[in-house]
Amino acid sequence: MRKVVGLILLLVLVGFLVWGVVALIHPFGYPSPSEMDDYIIDNAQAETSNNNVVASVVFDYRGFDTLGEATILFTAVTGVLLLLRTAKRKEDES
Amino acid sequence: MASLLAQAPILIIAIPLVAAFLTPLIGMRGDKARKALVVGSLAFTAFLVFALARDISITGIRVYTLGATAPGLTEPTGFMFPVRIILEVDGMSIFFGIIWAIVSLAAAIYSFSHIASETGQIRFFTLLLLMVAGGFGMMLTGDLFNLFVFLEIASIAGGALIGFRNRFGDTQEGAFKYIVVSAVAGLMVLLGTGILYAQYNSLNMAFLAQAIQYTTLDKIALALFLIAFAMKTGMVPLHLWFPDAYSVAPASITGMLVITSHACMYAAFRVCFTLYGGVIDGLVVGWIIIILGLLTMFVGVTMAVYQKDVMRFMSYHAISQLGYMWVGVGVGLAVLGTPALLAYGRDAMTGGIFHILNHAMYKPLLFFTGGALFYYTGTRDLAKMGGLAHKMKWTTVLYIIGTLSISGIPPLNGFSSKILIYESVFRFNPILTIVGIIVSILTLASFTKAFHSAFMGAELPEYKGGKEVPKSMIIGMVILAAGIVLITLFPSLIVSWALHPAADALIDHGAYINAVMGAVP
Amino acid sequence: MLSKIVRTTANQLIVFILIFGLYVIAHGQLTPGGGFQGGAVIVSGVVMLLVAFNAKELKKSLRESGLSIMESTGALIFAALAFAGIATTFFYNVLVGTPIFGHVPPTGANPGDVWTGGVVPLMNWAVGIKVVAGLSAVVLAMALFSSGEEMEE
Amino acid sequence: MTFIFESGYTFWNPLIWIIVFLVVAIMVYFFRRSGQKGYKKDTDQARIFLSGEEVPEAGERHIRVGNIYWGFFETLKEYYKQMLRIHTGIVNDYMLWFVAVTVVSAIILVVAGLVR
Amino acid sequence: MDYMPLNFPFLAAALLIGIAFFIIIFKRNLIKLIMGIAMMASGVNLFLVALGYRVGGNAPIYTNVPPGPMVLPVPQALTLTSIVISVAVLALMLTMVIRIYRHTGSLDSEKSRRMKG
């Protein structure tokens, strides 16, 4: 029962995704509006003095995302060390 | 002061973040320094939030462009699209920001003694601050991908904190379920973002709201966004992880998780009202939200009556209360296209948003009292408790305040928001109101049951020796109870100062677009 | 602990991995790469050491509290560089036009100049430090835990 | 500083309720005080009287959580059976529900777009 | 290639996401579940990075670049961010699974479950 329902739902989901990417989205290799990216490609060198446009996007135009990304790594490391700590309890003072 | 206020949107996010990075360094210097850092940074953030809220009520929507030559310069000179990440703060975002500032401060103070006997406290507070930063980021950002990043920060920090008491097996199970759910939800949000980016080549919400066409791909993306955020919120067929994760976390974290779930609700509203605001088929999406919201109310409360674990019981109540907000705002969405009913829609939305504020005050309070019970008895099983009112006077009083408030007993604040929802929703469809009243009755009944089994009765021999919980836990609870009393006394002031601006900010998506896409200053 | 040949080879190889990783970090503004990628390269060297020796041996030279401090420092440097521009806006690239990493390259294809990029190379270094410390702490902690070793708090 | 809260149809004033509560509380206090004189601690007067039966210990006297609202659960037995069948606690099922709701709402959205 | 029939890279991403959902729904082993989530992250990343491709484009780096159009840089930056995020999530999930295994001695999502209802 669960298997049948799950498979049907999954097929519908995959159908949606495939329909979307085959029929509805722009053809691969021809991104239709690209004004923001063209602006970045044209002006990244002058604005950020950076040859690597991806680096200038990562660290300048969308630098806040990268700060968030670094924070996520920091969070995950802290979390892993927190969860793997040896579970000893301090003596109860109260 | 003026320059501080000009930088306020970013500082609200950056200060908890930097404090979190500093905690491992300063935390080694001892308990005092760590506590001072945590409370100081959170209090300063709360101050900035209030100052910004006041400023926004005077000057309107605030934008902050990261990395531009001026904060207001949202688009490069001579072009009509934003390139950089833009923080955009309107009435709705700052409303959630105020809630988050208060609750996170209370939770931090509460956890000082709640987890005092555990190891790993430095990392606990680091993660707590990171969670605060993630929540603020979700509320203030105006960029879809940035929203995803901060959603992930909040969920990863929350997931690690749920598993904090790692000597118990069930905490790890709850944390794993939470992190799986949030990973999948986050990836679906990212997929939706990618679909929108493919069509309109932008990630800025205001630009997308202006350009959006409501093509079939947009509809698929809307379904992905809506259901992913609804799953993170705990809407009913997707609520199954919710009690598992919430019941095992330390109580202070549970209180904060409630607000992160509200933040996800904010994101869902933002997507429905602002991003798709001009094109959305309000009736269909509104009815999807209303039906799921009714299910949420009913299933949540009936499952809650059944529970025997105190935190699990309260988590199911949290689910049930979230249903009220979905219904209130869903009605507002459903009547968005019909001008005859729009006034009722606005009232329903105001009620739903008012309920968010109330819920954000009393639900963490109730979770904190549940944590106090756990602290005192060492168990979450209600069947093992009894007669605790003899020893825990403060906790009892605060629990009563929370109970009366959540069940909508006048004159407490839960009543004002519920009556606002009932009256306006009745005009839309009377059945919704009837279900709401039944749920309210069941809520009162189940809280009476929990109150009787935990606090009433003769003093049990196994709990004779204990003392009331430490002071910092009581302070944390009293902060939230004070909020409840304040809202109780001045409901009309809260409505006109905070709630109508928030509801109007949702309805008026044109102003949100204009703040970014309008004339360059 | 694996055989002597493996250990000796790993000991020699780690130098090259380190140099390659540092190269990737240092040229983030000119060539594909950057802090995250270079950091990951260096951590792969740490994983190689972890396989060649065991976690207990490695724990002697890589202390977890030290890694924690290093990671915090990297994150703080990154945040401080972002804060540096707060006089205009957060994340404003303050170093463009100054002698330190501030040369503006000519528009279009050019051979590349290391002294370009503004704050980007510095951010790359900060992220590199962070990634190296963070990921090695994770790998080390997992290896220690699964070999049943006690970990320091 | 107005206490009156208008909700569209009606208005209500929390202050009135608070005054009513205060009055009731004062009355309760007076009633309680009037009986306080005759009350003596640690005499037979303060002990529980159960028709002369043996009074059980504190732990057994307390009605535990499992026994409250028995009739309610007995009436809704079928409903709770179904509900507990859904709440399996397995992560995989959670994800199946997510897929189900996403697919259904996507179908509703697309079909509604075609009909209109 | 000038024109790619059926958008094969996008199709691959969609199928990857579908397979990942299959694994997440039907495989009871927790490690396999994590692999499913990793696969889903890869699918989304592939979708994102494929969005930015332009026919005959170079990598958007001006150092000694041959003349011609450049592919879009923003999707690449997004993918970079999202890869690191998925790594972080995976590390945390694996830690929790290690812990669950220590406590219950089982990796089956049904046998290791303690909470229901």
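Per-chain numbering from 1; labels A, B, C, D and E assigned in written order.
Note that in this section a residue touches a chain if its C-beta (ideal position, glycine included) is under 8 Å from a C-beta of that chain, and two chains touch if they have at least 3 such contacts.
All values reported here derive from a predicted model rather than from experimental measurement.
Annotation of chain C and chain D: jointly contacted by A, B, E, touch as defined at the top. By the document's definition of touch, common neighbours of chain A and chain B comprise C, D, E.
Among the other chains, D has the CA centre that is most remote from the centre of chain E.
Among the other chains, the CA centroid farthest from that of chain B is the one of C.
Nearest to the global CA centroid, when each chain is reduced to the mean of its CA atoms, is chain B. Comparing chain pairs B-D and C-E, the larger number of C-beta contacts belongs to B-D. Averaged C-alpha coordinates give centres for chain B and chain C that are 36 Å from one another. Chain centres here are Cα averages; for chain A and chain E they lie 9 Å apart. The geometric centre of chain A is 43 Å away from that of chain D, both derived from CA atoms. Shared contact sites, meaning residues of chain C that touch two or more other chains, fall at 30-32, 68, 71-72, 75, 79, 82, 90-91, 93, 105, 108, 110, 112, 138, 142, 145, 153.
Residue numbers of chain E whose C-beta contacts span two or more other chains: 17, 21, 24-26, 30, 33, 47, 51, 59, 61-63, 74, 78, 80-81, 84-85, 88-89, 91-92, 95-96, 98-99, 113, 115, 117. Counting partner chains per residue, chain A shows two or more touched chains at residues 6, 10, 13, 16, 20, 25, 31, 34, 36-37, 40, 45, 51-52, 54, 56, 58, 60-69, 71-77, 79-81, 83-86.
Looking at which chains touch one another, you get A-B, A-C, A-D, A-E, B-C, B-D, B-E, C-E, D-E.
By the touch criterion given at the top, residues 3-4, 6-11, 13-15, 17-18, 21-22, 25-26, 47, 50-55, 59-63, 70, 72-74, 76-78, 80-81, 84-85, 87-89, 91-92, 95-96, 98-99 of chain E touch chain A in their complex. By the touch criterion given at the top, residues 7, 10, 14, 17-18, 21-22, 24-25, 64-71, 119-120 of chain B touch chain C in their complex. Put simply, chain D touches chain A in their complex at residues 93, 96, 99-100, 102-103, 106-107. Remark: chain C residues 28-32, 34, 64, 68, 71-72, 75, 78-79, 82, 90-91, 93, 96-97, 101-108, 110, 112-113, 116-120, 123-124, 127, 130-131, 134-135, 137-138, 141-142, 144-145, 150-151, 153 touch chain A in the complex. Within the complex, the chain C residues that touch chain B are 68-69, 71-73, 75-76, 79, 82-83, 85-86, 88-93, 153.
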